[in-house]
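You will see two complexes here that share chain A, one where it goes with chain B and one where it goes with chain C.
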Partner chain A sequence: MLARILSAEFLKIRGKMLWFLAVLGPLGVAGLQGLNYGLRYDYLMNLYQDDPWGGLIRDVSALTLPTLFIGLAILASMAAGIEHQTNAWKQTLALPVPKTAVFAAKALLNVLLLFVSSTLLAVMTIALGATLGFDLGDIPYGDLLQTLYYPFFAALPFMVLQVWLSVTLANQAVPLTVGIIGMIVAMFGSRFDDWVPYKWPHLLNGAGEPLYSVLAGAALGVVLLLAGMAQFARKDVS
Partner chain B sequence: MLRLVRSEWMKLRRTVIWIVAAASPLLAGVVGYAGTRGTDGEGAEWMSALALMAALHAMLFLPLLTGVFAALLCRFEHAGGGWKQLLALPVSRTQLFAVKYMYVMFLLLLTQLLFLAALLGVGAALGFQGPVPWLAILRSVGGGWVACLPLAALQLGVSTALPSFAAPLAVNVVLTMPNLLVMNSSTYGPYYPWAQPLLAMIPMEGHGMAAINLSATTLFGVILGSFVVFLTAGWAYFMRKPV
Partner chain C sequence: MNEWILQTNGLTKKLGGKAVVNDVSLRIRQGDIYGFLGPNGAGKTTTIRMLLGLAKPTQGSVHIFGKELKRERMAILRKVGSLVEYPSYYGHMTAYDNLEALRRILDVPRQRIDEVLAIVRLTKEARRAVKGYSLGMKQRLGIASALLGQPDLLILDEPTNGLDPAGILEIRELIKSMPQAHGVTILVSSHLLSEIDQMASRVGIIAKGRMIFQDEIGALRQRSQARIRFSVSEPEAAWKLLLASGYHADWDRSRLSAEGGDDRAVAAMVAKLVEHDFAVYRVEEENASLERIFLEMTGGEGSL
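Right after this comes the complex of A and B.
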C-alpha cells in the first residue's frame, strides 16, 4: 500500500521542480566550493597541504548543514503545496487509502529526495576533488560517507517536522519561516546541550561518538513520524 | 492607488504575516541577550550587541524574509484564479505592482523596527552602560532596509511568475546561500547584492569581517544599480504576464 501511494507521490511531483531542487542543492554546494577553490587555489592548497581531501570534505560539509536544513523545508513545502494549491486534500483523502499512509508517503518522499541529494553530493565532492587534481587513490571514502550521510540521518526529525507543518498548515509562510529559523539555529547548533536536536547533525556529543547523534536523530524521526501519522489521521479535511 | 493599498491591506491584516515579521527580531533578541550577558563590554556593549544581532539577523534571515514577504503578497492571487479576477478589474498593472512592492518594503520596515526594539530591549534588560549610540544603530537598521530594496524587487517579480509558494523562496535561497562564503571576501562581498543587507547592518568599525570597511558610495552604487535592474525586469515581466 505504502509503496503504491509513494509511487503516486512521485508521479505528482513530476514537472514540479522537486527533482530539480534535489539536484540543485548538492550542485550548489559543490559549485560554491569549486568557486572558492578556484579563486583561492594556492592559499587553500597551502592550508590543507597535508590532507587536501580532508580539507575539501570539511569545507563541503560546512555548507551542507545549512543547505540541508533549508532544503528539507523547501522540499516539504513544495510537496505539500501540490495539494494545498489545487485544494486537492479532500480528493486525495477520499481515495480508499489510509490517511496514515498518505502522511507517511509524504514524509518518505521528502526523506528519499534528500537521500538522493546526499548521495549526489558524495559523487560531486569526489568529482570536484578530481578536477582540482587531488590524488584519486587517497580518497577517504569512510570519512566522506560519514560526513555526508550521518547528518542526513541526524536531521530526520526535521524532515518529518517540516512535512508535518507543511501538510497541516495551508499558509506555507509559516512552515517556511520555521525552516529558515531552523537553518539559522542549526548553524549555531554546536553550542547547545547534547539533548537539543539542532545539535545532532553536527555529530558532536559528550561521548565523542557520532553514531549516538545519528541514532538519536533516527529515533526521534520515527517517533515524530508516528505522532504525525496519528494526528493527521484525526485531522478534518477542509 | 489608495483603493489598491486598502484592498491589499484587507488581504494581509488577518494573516500570520505579523508573526513572521517578528520571528527574526525575536531570535536575534534571544541570541543578543545570551551572547552579551556576562561579557565585559567596557562601554562598547551596545556596539557588540548590535554586531552580534545584526550578523544573525541580516546574514540569511533578512534576505530570505524578503522572499517570504513577496510570496505572501502574491499568495491570494495564485490561489484559484485570483490573478484573472484582480487584473480583470479596472486597475493598472503598474500601480498594482507598485502597491505590492510598497507592502513588501513596509513589512521589511516593520521587521527592522522590531529588530531595533529587540536591541533596545536587550540593552535595557542587561543595563548597558553609556549612551545609546543612536546614529550607529539607526544607520544599521536603516541601511539594512535600503539594502533589501533590490532583493524585494527581484523576489516580487519571481513571486508573480511562479505559482508555488516555495519556488520563489528556492530561487531566493540559491542566491542567498553564497553569502556564507562571500561575506568573508573583501574582493567580492561589496559587489554581491544578497550580501548587502549584512554589510549594511554590521557596524562599520572593528569586528573583523573583511568586507565591511567600504565606502557608502560603493554599497549604494551596487544596491541602487541592482535595484533599477531588478525592478525594471520584474515590472516588465508583470506587464506582459499572461493570466
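Right after this comes the complex of A and C.
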C-alpha cells in the first residue's frame, strides 16, 4: 500500500522542481568548493599537502549542514504544497488508504529525495577531487560516506518535523520560518549539550562516537514519524 | 443487509460547542439518485465529510453497504467515489496523469482511465495540463476521478456549483444517466431545489444542521398543490364560516386561503360567502412552487 502511494507521490512531483532542488543542493555545495579551490588552489594544496582528500571532504561537509537543513525545509514545504494548493487532501484521504500511510509516504518521499542529494554529493565530491588532480587511488571512501550519510541520518528528526508542520499547516510561512531558524540554530549546533537534536548532525558527543549521534537521530526520527502519523490520522480533513 | 445502501443514525457533529450537524438520519436506497438539499451553511458538506470518514462524528454512526464506517472504512471507501465541494486536482499535471496518480493508489487497470475520460468526454483534452481547464472541465475531471474505482455509491457535493447553464445541463445529464448505465447509487447535494427536482428520485432537506424532510420527490411535489386565496370584507368571520361549512380554510391574520379543489368547490365557497353578505373582492389561485415550500421549510434562509 505504502509503495503504491509513494509511486503516486513520485508522479505528482514531476514538473514541480523538487528533483531540480534535490540536484541543486549538492551541485551548489560542490560548486562553491570548486570556486574555493579554484581561487586559492596553491594555498589550500599547501595546507592539505599530507591529505588532500581529507581536506576536501572537511570543506565540503562544512557547507553540507546548512544546505541540508534549508533543503529539507523547502522540499517538505513544496511536497505538501502540491496537496494544499487545491486542497487535494480530501480527495486523497477519501480513497481506500490508511491515513497513516498517506503521511508516511510524504515523509518517505522527502527522506528519499534527500538521500539522493547526499549520494549525489558524494559523487560530485569525487568528481571535484579528480578535477583538482587528486590521486584517484587514494580516495578515503569510508570517511567520505561517513561524512555525508551520518549527518543525513542524524537530521532525520528534522525531516519528519518539517513534513509534519508542512502537512498540518496550510500556511507554509510557519514551517518555512521554523526551517530557516532551524538552519541558523544548527550552524551553531556544536555548542549545545549532547541531548539537543540540533547538535546531532555535527556528529559530536561526549563519548566521541559519531554513531551515537546517528542512532539518536534515527530513533527520534522514527518516534516523530509515528507521532505524526497518529496525529494526522486523527484530525479532521478541512 | 437491509434495503438501505447508506444509513446514518443520529449523526451529529459539534464544532466549538455548536452542533453543525444535528441528529441527521439519512436513508438511501440502492439505485436512488438522492438529492441532499439545504441552504448554504446548513451542514451538507459537513455531513458528507463524515460519510467519507474525512471528519469524525461527535455522535451517531454511519453504515454504508450494511457495514459500519468506523470499523470498515477501507472496504467501504473502495466502493465509494466522491467529489467534495470544488474539485481537487493537480494543476501542473495533465488530466491523464491526475487520474494515473489516483489509479496507482486504487490499483485498477490502466484502461479504466480511458473509460472514465470517455464517460465525461475529456478524451480529447486528456493530455493538457489541468490548470488550463475551464471550471466545467475540472468538475468533469472530478467526476471522472470519482468514477475511477468503479464505485457502487457516488457522493457528489455541489457538482454544479459555479457552472454556467450549459455546464449545469451537461453535469445533470451525466448524473441522470449513471444509475442506468453503470448501476450506481448517487448522493448529490445542492442548495438549488430546481436542480435536485430535475434529477433526484428521493430528497432529504437539511436546515441549520437538522433534517427537516426526507421522502420521495413526489411527496414534496404533492405539497405544492394550489390554494385559493380570498380577499373579502371581514376575513376572520369569513374564515369561521368556511370552517363551519366543512372547508379546509386558513386564516393567518392577513390572508384567508383555502385548499383548492375543483372548480365546483371554489364556486360553492364563493356562493357561501356571498350568501352571508361578505363582499368578495378577489379570488386568486396561488401556486405554491417547490421553491416556496423549500423556503418555508428552511425558514426563509434558502438561497435560490
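We take it that the second predicted complex is superposed on the first by the 238 of 238 C-alpha atoms of A that agree within 3 Å, B and C clash if a C-alpha of one lies under 4 Å from a C-alpha of the other, contacts with A are read in each partner's own complex, and residues count from 1 in each chain.
The criterion applied here is as follows: a residue touches a chain if its C-beta (ideal position, glycine included) is under 8 Å from a C-beta of that chain, and two chains touch if they have at least 3 such contacts.
The structure presented is a predicted model; accordingly, all values stated were derived computationally and were not measured.
Engineer: For A:226, select first, second, both or neither according to whether it touches chain B, chain C, the two together, or no partner.
Structural biologist: It touches nothing on chain B or chain C.
Engineer: Of the partners chain B and chain C, which touch A:16 in the superposed model: first, second, both, neither?
Structural biologist: In the superposed model, A:16 contacts both chain B and chain C.
Engineer: Considering only the touch criterion stated at the top, classify A:236 as touching first (chain B), second (chain C), both, or neither.
Structural biologist: The second partner, chain C, only.
Engineer: Just checking: does A:7 make contact with chain B only, chain C only, both, or neither of them? Give me first, second, both or neither.
Structural biologist: second
Engineer: After lining up the shared chain so the two structures overlap, which partner does A:88 touch, if you call chain B first and chain C second: first, second, both or neither?
Structural biologist: second
Engineer: State whether A:176 touches chain B only (first), chain C only (second), both chains, or neither.
Structural biologist: first
Engineer: Pick one for A:207: touches chain B only (first), chain C only (second), both, or neither.
Structural biologist: A:207: touches no partner chain.
Engineer: Who does A:47 touch here: chain B (first), chain C (second), both, or neither?
Structural biologist: Neither partner.
Engineer: Do chain B and chain C touch any of the same residues on chain A, and if so, which?
Structural biologist: 16, 85, 87
Engineer: Where on chain B does chain A make contact in their complex?
Structural biologist: 15-17, 19-20, 23, 27, 31, 56, 60-61, 64-65, 68, 71-72, 75, 78-80, 163-167, 169-170, 173-174, 177-178, 180-181
Engineer: Which residues of chain A touch chain C in their complex?
Structural biologist: For chain A paired with chain C, touching residues are 4-5, 7-8, 11-12, 14-16, 82, 85-98, 234, 236-237.
Engineer: Contact residues on chain A for chain B in the complex?
Structural biologist: 16-17, 21, 24, 28, 32, 35-36, 62-63, 66-67, 70-71, 74, 77-78, 81, 85, 87, 171-174, 176-177, 180-181, 183-185, 188
Engineer: Across the complex, what residues on chain C touch chain A?
Structural biologist: 49, 52-56, 73-78, 80, 82, 84-93, 97, 100-102, 104-107, 145, 149
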